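In the two complexes below, chain A is the common chain; its partner is chain B in one and chain C in the other.
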Partner chain A sequence: MNRVLLAGLLIFALLAAGLAALDGRFLLLLIPLLIYVGAALLRMPEEIAVRAYRDVRPLAAQEGECITVGLHLVNTGPETALLEVRDALPERLRVLAGETEQLVALPAGAATHLEYVVEAPRGSYEFQSVLVAVSETLGLFRRAARLPAYGGFSIMPRAPRLRSLEIRPRRTLGFAGPIPSRQSGVGVDFFGVREYQPGDPLRRVNWRAMARRPDRPYTTEFEQERTADVGLILDVRRQSVFEMEGISLLEYGVQATAALAESLLRDGHRVGLLLYGRGIEWVFPGYGRVQREHILRALANAGPGDSQVFASLDFFPARLFPPRSQLIFISPLQSDDLGMLFRLRAHGYAVLVVSPDPVAFEVAHLPADPLLPVAIRLAQLERRLLLQQLRQGGIAVADWQVQRSLDESLHATVARAVRGGPWVGRAP
Partner chain B sequence: MRLTRRIFWGAVALAVGAPAVGALLRGVTALPLGLLALGALWSVVAERTRLAGAAFALCVGGIALGIWLGVGIGWLLVGMTAALAAWDLEAFNAQLASIARVENERELVREHLRQLALVCGIGLSVALAASRLRVQLSFGVALFLALTAVLGLGYVLRGLGE
Partner chain C sequence: MKKSPPVFWWLAAALGLPLAALLAWWWRAWIRELVVVPLAYFLWLVGRVFESLPQPVIWGALVLGTLLVALRLLAGSVAPPPTARATPDAGGRVSEWLRWLRLTRRGVYSRDGLARHIGDTAVAVLAYRQRCTPGEVRLQVREGTLELPPPLDAYLRAALGRGTLRRGAALPRLWPWRGHRPQPEVIGEVEAMLDYLEAALEADAPGSSPQEEP
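Our next item is the complex of A and B:
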């Protein structure tokens, strides 16, 4: 029971007993209680004259890294305040060191500092307020309020390092990059030999050809290597998100997307990101480290989407991606996704599907059951058929068993495709 | 063990012990037994704020019962003041225990104990002094004072609630 209410009830009860019994001794018993309440009442804080502000360092970190949160409180009132501070932590934060609450007698104008270290899973976290209660010394009367103390940080997904990915979209960009463009120009790979034209540098004269045909000089041509537009599409539809024992397959998809973005941006490509499932969450294509930050921040907030409109790929916004560019679809795949993927392929996009295997993921977490092997076999057959259909339609598929390295799965697929797979588009 | 915890035990002992001694001196045995049982209960439920509040209320009830049984008012006032101190210290201990970090705890505890001692000392002194006073009031004046007290307390409590 509230202490003030209890004190009030006891005072009333003793007063009533005194009146009923017409005995002043009951009123005598009241005196210590009345003086106690009166003393507390006299020193009751008028208002919460406390200012709070927060500093969070760093503002962005990778999964597994620690964040230090500092909370500063200043007593702006004229008297010493007994402060009870309890910081309001966003959900899913784990405090590793330090304290999130404090009791302190803070003199007028003085400041106190609270610092703690937290760890959090991928996501964006916002601190809104801190719960502060001010009371007089006896602690009978207190005023509590939530003081604004804003701050926040993002936990980016951890991206495993990938080797350079050999993509071959039909269209390349004008900048130098790793994709052979089938055009002569600045490059390192031999492309061909043509007749010498005035202005050609002498060091490119092909002396061997000239030795065979001494009547005219020849020039060596090199194949131009260029960058490309790459669209990463991460499937966050609810039905594509498998969760077992608190672990979500989406986390693997997010990691794969982050790793691909990092690898492709490192190679100089222009990379955009679409999170498909909650709506159109789109990171406009860009280059370099800034784009890497944009993509990682978007991935930090990626979560399952329940949109009915985007439950299938029928409303896939292909116009967001430049024609004939490279699309990489990261998804466990649904059987009705094939139609849209084939349509994209038919429109000239080079499509690579990176598919975390949901069957292997679930099997690793399922309890033993006599019927389980049959069920697994059926599910695997179904999935194998789905992937086979995609491959036959000219789409490269990296079937990723999440227990294995993504780099291995990807390069096995891409190497197979580059050797002559139908998904490889050639620059005109 | 915290200093406040030790003082709490002492206050509980005094809160039930003083009225019990007073009652024994009057030849009453039922009240001391009840008070001792209450003291034991209070010690057990310490830091469970709701039950501790109930223990304090029961203790005040027991002390008030002492008036009807003719126990000396001095014993009862000492018991009442000690019960008040125990109730306060129990809440203070609970507050200290509920928070992970207490800055400058020694100073905080010392200041609280100083305030409590002052308030309890003044309360007991005033009450003992008042017990020696004899003022004859007419029924009308007594009724007026009682109504003023009730309305005033009601006003204060309503204001606090708001």
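Our next item is the complex of A and C:
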């Protein structure tokens, strides 16, 4: 029972008894209680003279890695404070080790330290405050407050390693990379033979051609290989990324996007990212490790979007991407997405769709039902129709069964496209 | 942070309570006359009224109240308090089709609804197969120039609002104890249509034609 309430009830009961019985001795019994309450009031600190600092390390980690959170509290008051500390944790954090609460008597000027280890799913997390309660030594009155103690960290998605992806956009950049540019220059693949020009290195002289036509020398040409602009578009529309048993299909899209970004940046391409569905969340194209960090941080914050404007692809901001560049659309796909994807291809973009299979994802979480096989066939029919329409329109589609490897699905798509003739993901 | 003034509490405790006690001691006769005596009279009056009532009336009221409470509990109509439930999964297309298939247990109206959905899908597949627009396929269905298996034709007509899947006498439908299991012919018809549409898509898949082979 609350001590203040108990003391108040005792005082009231004694007073009432004294009045009812017209006996002053009851009032004499009040005196110790009044002294107790008065002393507690006198000892009560007027303010919480405590400062809090937070130390989070590392500030960014990948899924599955641990974060250490340290909380330092310093008593800046003139007297010893009896502190009850409880850290206010953001949601979805799981404490693996250490304590998030502490009860400590802190002398004036002294400091205490609280440290614990947490694990969290993908996302950005911010600490705002810590709950601190100070009570006087008699334990009757207590003063609590939220002290500011800011800190935060990001959990970035873990990206599976992919092999190099063969992309063939119409427009390449001026830097050396893995894409054949259909121009002679520095490279390793044979491009052609031309007449020897003064200044050509002797090791490039094609001796076989010269043996056939000894009147003039010939030089071997190699094909230049260059980098390209690649735009990654992650579909975060809520109707595309539904949840089953607390697991969202978006997680697979995020994982695929992170893996693609890492692979493409490793190959030297300039990569940008657009999160489509919540608004225009755009990572400007760039190269290298810094860009990888930017993209992973943007993916860490990716969540389902409810924007009515971006519910369909009709308002897709194609101008964000350089003309005739490579676009990779990561989406479970909806039936009305076809129009915009065909328009992008008609405008000269090379479009590749990486589609986590929503049917397989959903079926894995549905309970058994006698009607389920028919429902699955109906849903698969719709999806097959959608994918075939895309392929018929010259758009390469990687139909990714989320239980299988993304790398296998992507390279099976490319292999099928190469086997079927020209690379279908390339621009018209 | 809002600061509570400890001085106020100190004054209240140090001055208020002794002052209240002093005043109460000073006016004890008046308090006795105003509070204690009327309260004692009231309690005495309640006791007299209770004693004046016939005992069978009191016991009868008590037994009646007990019976009412017992009957209320035995009826079991008291709704349990709502428990916290997790938000159900919205699901995707499989859940949507499953819902439509389950609804066919409810009657012909729901079967017509399923037919409309399947008909829309069938129109899209046929339009893709024939390289024409869904509007052109609908026109062919209306004119009857499209050669389709009978169940698919019926479903397509239902999808276009030109027909219904109702069949049989009306009396069995009005029978209140009719079966609530899915009609076997519904599932059979859907499976037959799926066979046809899947074959149509398979035949038209990119890379399936001989000239596209390497």
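We take it that the second predicted complex is superposed on the first by the 404 of 428 C-alpha atoms of A that agree within 3 Å, B and C clash if a C-alpha of one lies under 4 Å from a C-alpha of the other, contacts with A are read in each partner's own complex, and residues count from 1 in each chain.
Following the convention adopted for this analysis, contacts are C-beta pairs under 8 Å (C-beta built on N, C-alpha and C of every residue); 3 or more make two chains touch, one makes a residue touch a chain.
It should be emphasised that the depicted structure is a prediction, and the values quoted were computed from it without experimental measurement.
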item	value
Partner chain in contact with A:Pro214 - chain B first, chain C second, else both or neither	neither
Touched partner set for A:Glu101, first chain B, second chain C, both or neither	first
Chain B versus chain C as contact partner of A:Leu19, first or second or both or neither	both
First, second, both or neither for A:Leu41, with chain B first and chain C second	both
Partner chain(s) touched by A:Pro201 [first = chain B, second = chain C, both, neither]	neither
First (chain B), second (chain C), both or neither touched by A:Pro367	neither
Touched partner set for A:Thr137, first chain B, second chain C, both or neither	first
A:Leu29 touches, of chain B and chain C: first, second, both or neither?	first
Contacts of A:Ile11 with chain B and chain C, given as first, second, both or neither	both
Chain C-contacting residues of chain A that also contact chain B	11, 15, 19, 34, 41
Of all residues in chain A, those that touch chain C in their complex	11, 15, 18-20, 22, 24, 27, 30, 34, 37-38, 41-42, 44, 46-48, 143, 145, 242-245, 249, 335, 358-359, 361-363, 365-366, 369, 371-372, 374-379, 381-385, 388-389, 391-392, 416, 419-421
Partner chain A, residues of chain B touching it in the complex	50, 53-54, 56-57, 60, 63-64, 67-68, 73, 76-77, 80-81, 84, 87-88, 91-92, 95-96, 99-104, 107-108, 111-112, 115-116, 118-120, 122-124, 126-127, 130-131, 146, 149-150, 153, 156-157, 160
Interfacial residue positions of chain C with respect to chain A in the complex	1, 3-4, 6, 9-10, 13-14, 17-18, 20-21, 24-25, 28, 31-32, 36, 89-98, 101-102, 118, 121, 124-125, 128, 182, 187, 190-191, 194, 197-198, 201, 204-207, 212, 214
Contact set on chain A toward chain B in their complex	1, 3-6, 8-15, 17, 19, 21, 23, 25-26, 28-29, 31-36, 39, 41, 82, 84, 86, 99-105, 112, 114, 137-141
